[in-house]
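Below, subunit A partners subunit B and then partners subunit C, in two separate complexes.
On to the complex of A and B.
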């Protein structure tokens, strides 16, 4: 039963992932990624990570993908300009490399020996509910937590600074006081 | 319960698909989507190993990574918008010059 659920969710995730790289239209790609993220959220539930599953839906499938769709539609970038690949050998080489990489990781994965019985280990997670996760976050992960808050501030300021339009001709906007005392040429210099 | 190996294998497959897509697509936005896909497969590995060891720290690390991803996407998309304003293109082949 568990295996059936896993295989179904895994197939959904893989189909969504193929959608991301195969659609020509970027909006369809983004929506396929939403499908993959949602099935990953369901997989998180089967892995005793309930809090992460809900965060995955809210932050990833919700906020981040909405941001992506906003930018795609804002830039009108859903269609590729002209898909002329200057290096023809890249695509086949990438596909071959990808198959080798997937095979290597999958083979290595099955060499993994579980350190303890799964049932016993899963019990220690307490279902991955917000309580236990939050406790770890505010004790062992206090420094990363503070660092991330700093990072978010930097990211917000950086994003605003990056998309800020430069005034026409780099003209500095003068205050009323400056207008009274200077000529506009002086302000520009 | 499904063995950890299956989850790791799934994450490997998703990561490879993302990597192939990153190399094949020429649109900046689709390349960025592929990066997100690879990041998520890494998260899946962390959560799977968290269950294998019965350790909540990996799940907390995934939470931090999710926050990081949000910041990364905000900055990345801002850069794409800024480039688009200058060049009116999201094709990486037309963005090969570093000069502004």
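On to the complex of A and C.
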């Protein structure tokens, strides 16, 4: 029974993952990713990690993917553009990174050691309720946790710095009157 | 085992049917009440007091032409209302409607999870996909704008909503909705200790359910009918259902978290504790909140979109965060302190917020033509 459920969910997750890279329409790709994330959440539930599952749904499926779709819809970017690629080195770098990652995963698969039996692990996790998870996170894994939060702050500061406007006064901006006095030829140019 | 599954299935069907019936009559009650608020009659022609109006509406919307949209993305257009209604129906299953074993020996809830509250928040956060996929799949401008508004609005207010319950969770020490109700049974309703959190949660709930004054995704002056523009017949009705069921769920969550949930007053009548009767107390509280939803719709005009986002990020979010900090500090420094201390602080904070943000202090007095001249 457990096996059947796991195989079904795993198949769903893999089909979704293939969908992400195979669909031509970016909206469908993003929706496939949502499907993969939801199947992963269901797998977490079958592994007694309820808290992890719900956080997966709320954060990834419920917020991050909504933002992805938001950007795709807002920029109307669902189809691949045939303009010149301004960053030509990205595609080869991504391929190289993918190969390295696949190698790493294959390597760890050969190093696989059976984890603790499910009963023992479930006992330690106490049904994956928020209490034990939080306790482990804030005692044993405090340093990685804080490191990740620092990383996120760096990312946020970077994003703000990228979109920051020049301070008032230094800004060279057309006023509405200036814009209105342009001749149509100037506007076209 | 099979019997258990059957009972759960029956309860699930019961909840779904109950919610849909409530939805049907909510539309009637809402129109009648709006009529009263605006000093007119409202629909009162079909059946006595207009009671058969929902039936007539249902027949109408089922047999209406299902307009075929050429530019629509067929699959997504078709699945979007289903996502919306499925998610809003699922969320309600976690709400306990009475003490354990009070429904003819079975438990009056569909499922009882340790992460109950997170489950409700998670499922409702998936519900927004219905709205904004529907907006995108319609293949026209106004629905797309409505969908974009909905997604930005719901994500922003989800933060405020999640943060407002954190203080409460720190006090109770469990996310299980049943445990939260039991805690309130012994210590008193959480509204007494967390009134600031209730205020932020209440406002976020209006934004999350896209209700007036935050119904920007379907603002008719600007967007025709927003994400609903290209939907007709039963698909349109499904979206309406999803909105009202989400509203009922929001009312149920507010009653459960802040107003004692399914518990009524502890009164012994003929040796029988009437506070433990399942359903009626919870439903009375839900009904009260639904009335408030309608009342607010009849009272407040729609907000401007940028004001809505500003309010969510610059007001609700920090206030909810401060409330969480306050509750955490209370638990940290006064681990055995009575929650009433926190309640008093919250009340003062709430009054301060009202005074500071009141229009008379934040806006300059309107310039008057001086009478003497």
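FYI, the second predicted complex is superposed on the first by the 105 of 189 C-alpha atoms of A that agree within 3 Å, B and C clash if a C-alpha of one lies under 4 Å from a C-alpha of the other, contacts with A are read in each partner's own complex, and residues count from 1 in each chain.
Basically, a residue touches a chain if its C-beta (ideal position, glycine included) is under 8 Å from a C-beta of that chain, and two chains touch if they have at least 3 such contacts.
Note that the structure is predicted; figures quoted are calculated from it, not measured.
S.K.: Let me test your reading of the model: by the given contact rule, A:129 touches which partner, first (subunit B), second (subunit C), both or neither?
M.R.: So A:129 only meets subunit C here.
S.K.: What is the contact status of A:105 with respect to subunit B (first) and subunit C (second): first, second, both, or neither?
M.R.: Only subunit B is touched by A:105; subunit C is not.
S.K.: Just checking: does A:97 make contact with subunit B only, subunit C only, both, or neither of them? Give me first, second, both or neither.
M.R.: The answer is first: A:97 touches subunit B but not subunit C.
S.K.: Could you look at A:69 and tell me whether it touches subunit B, subunit C, both or neither (first, second, both, neither)?
M.R.: The second partner, subunit C, only.
S.K.: State whether A:34 touches subunit B only (first), subunit C only (second), both chains, or neither.
M.R.: Second partner only, subunit C.
S.K.: Could you look at A:51 and tell me whether it touches subunit B, subunit C, both or neither (first, second, both, neither)?
M.R.: both
S.K.: Between subunit B and subunit C, which makes contact with more of the residues in subunit A?
M.R.: After superposing on chain A, more of subunit A is contacted by B.
S.K.: So, does A:61 touch the first partner subunit B, the second partner subunit C, both, or neither?
M.R.: In the superposition, A:61 contacts subunit C only.
S.K.: Just to be sure I follow: which residues of subunit A are touched by subunit B in one complex and then by subunit C in the other one?
M.R.: Subunit A residues touching both partners: 51, 55, 63, 67, 74.
S.K.: Sort out for me which residues of subunit C touch subunit A in the complex.
M.R.: 73, 76, 113-115, 118-119, 121-123, 125-126, 128-129, 132-133, 136, 144, 147-148, 151-152, 154-155, 158, 162, 175
S.K.: What residues on subunit A touch subunit C, complex-wise?
M.R.: 27, 31, 34, 38, 50-51, 54-55, 57-58, 61-63, 66-67, 69-70, 73-74, 127, 129-130
S.K.: Under the stated contact criterion, what part of subunit B meets subunit A in this complex?
M.R.: Residue list for subunit B touching subunit A: 1-21, 23-27, 29-30, 32-34, 36-37, 40, 43-44, 47-48, 50-57, 59-64, 66-75, 77-82, 84-85, 89-91, 93-94.
S.K.: For subunit A, which residues are in contact with subunit B within the complex?
M.R.: It comes out as residues 2-3, 6, 10, 13-14, 17-18, 20-21, 26, 29-30, 33, 36-37, 40, 43-44, 46-49, 51-52, 55-56, 59-60, 63-64, 67-68, 71-72, 74-75, 77, 80-86, 90-91, 93-95, 97-99, 101-102, 104-106, 108-110, 112, 114-116, 118-126, 128, 132-133, 136-137, 140-141, 144-145, 148, 151-152, 154-156, 158-160, 162-163, 165.
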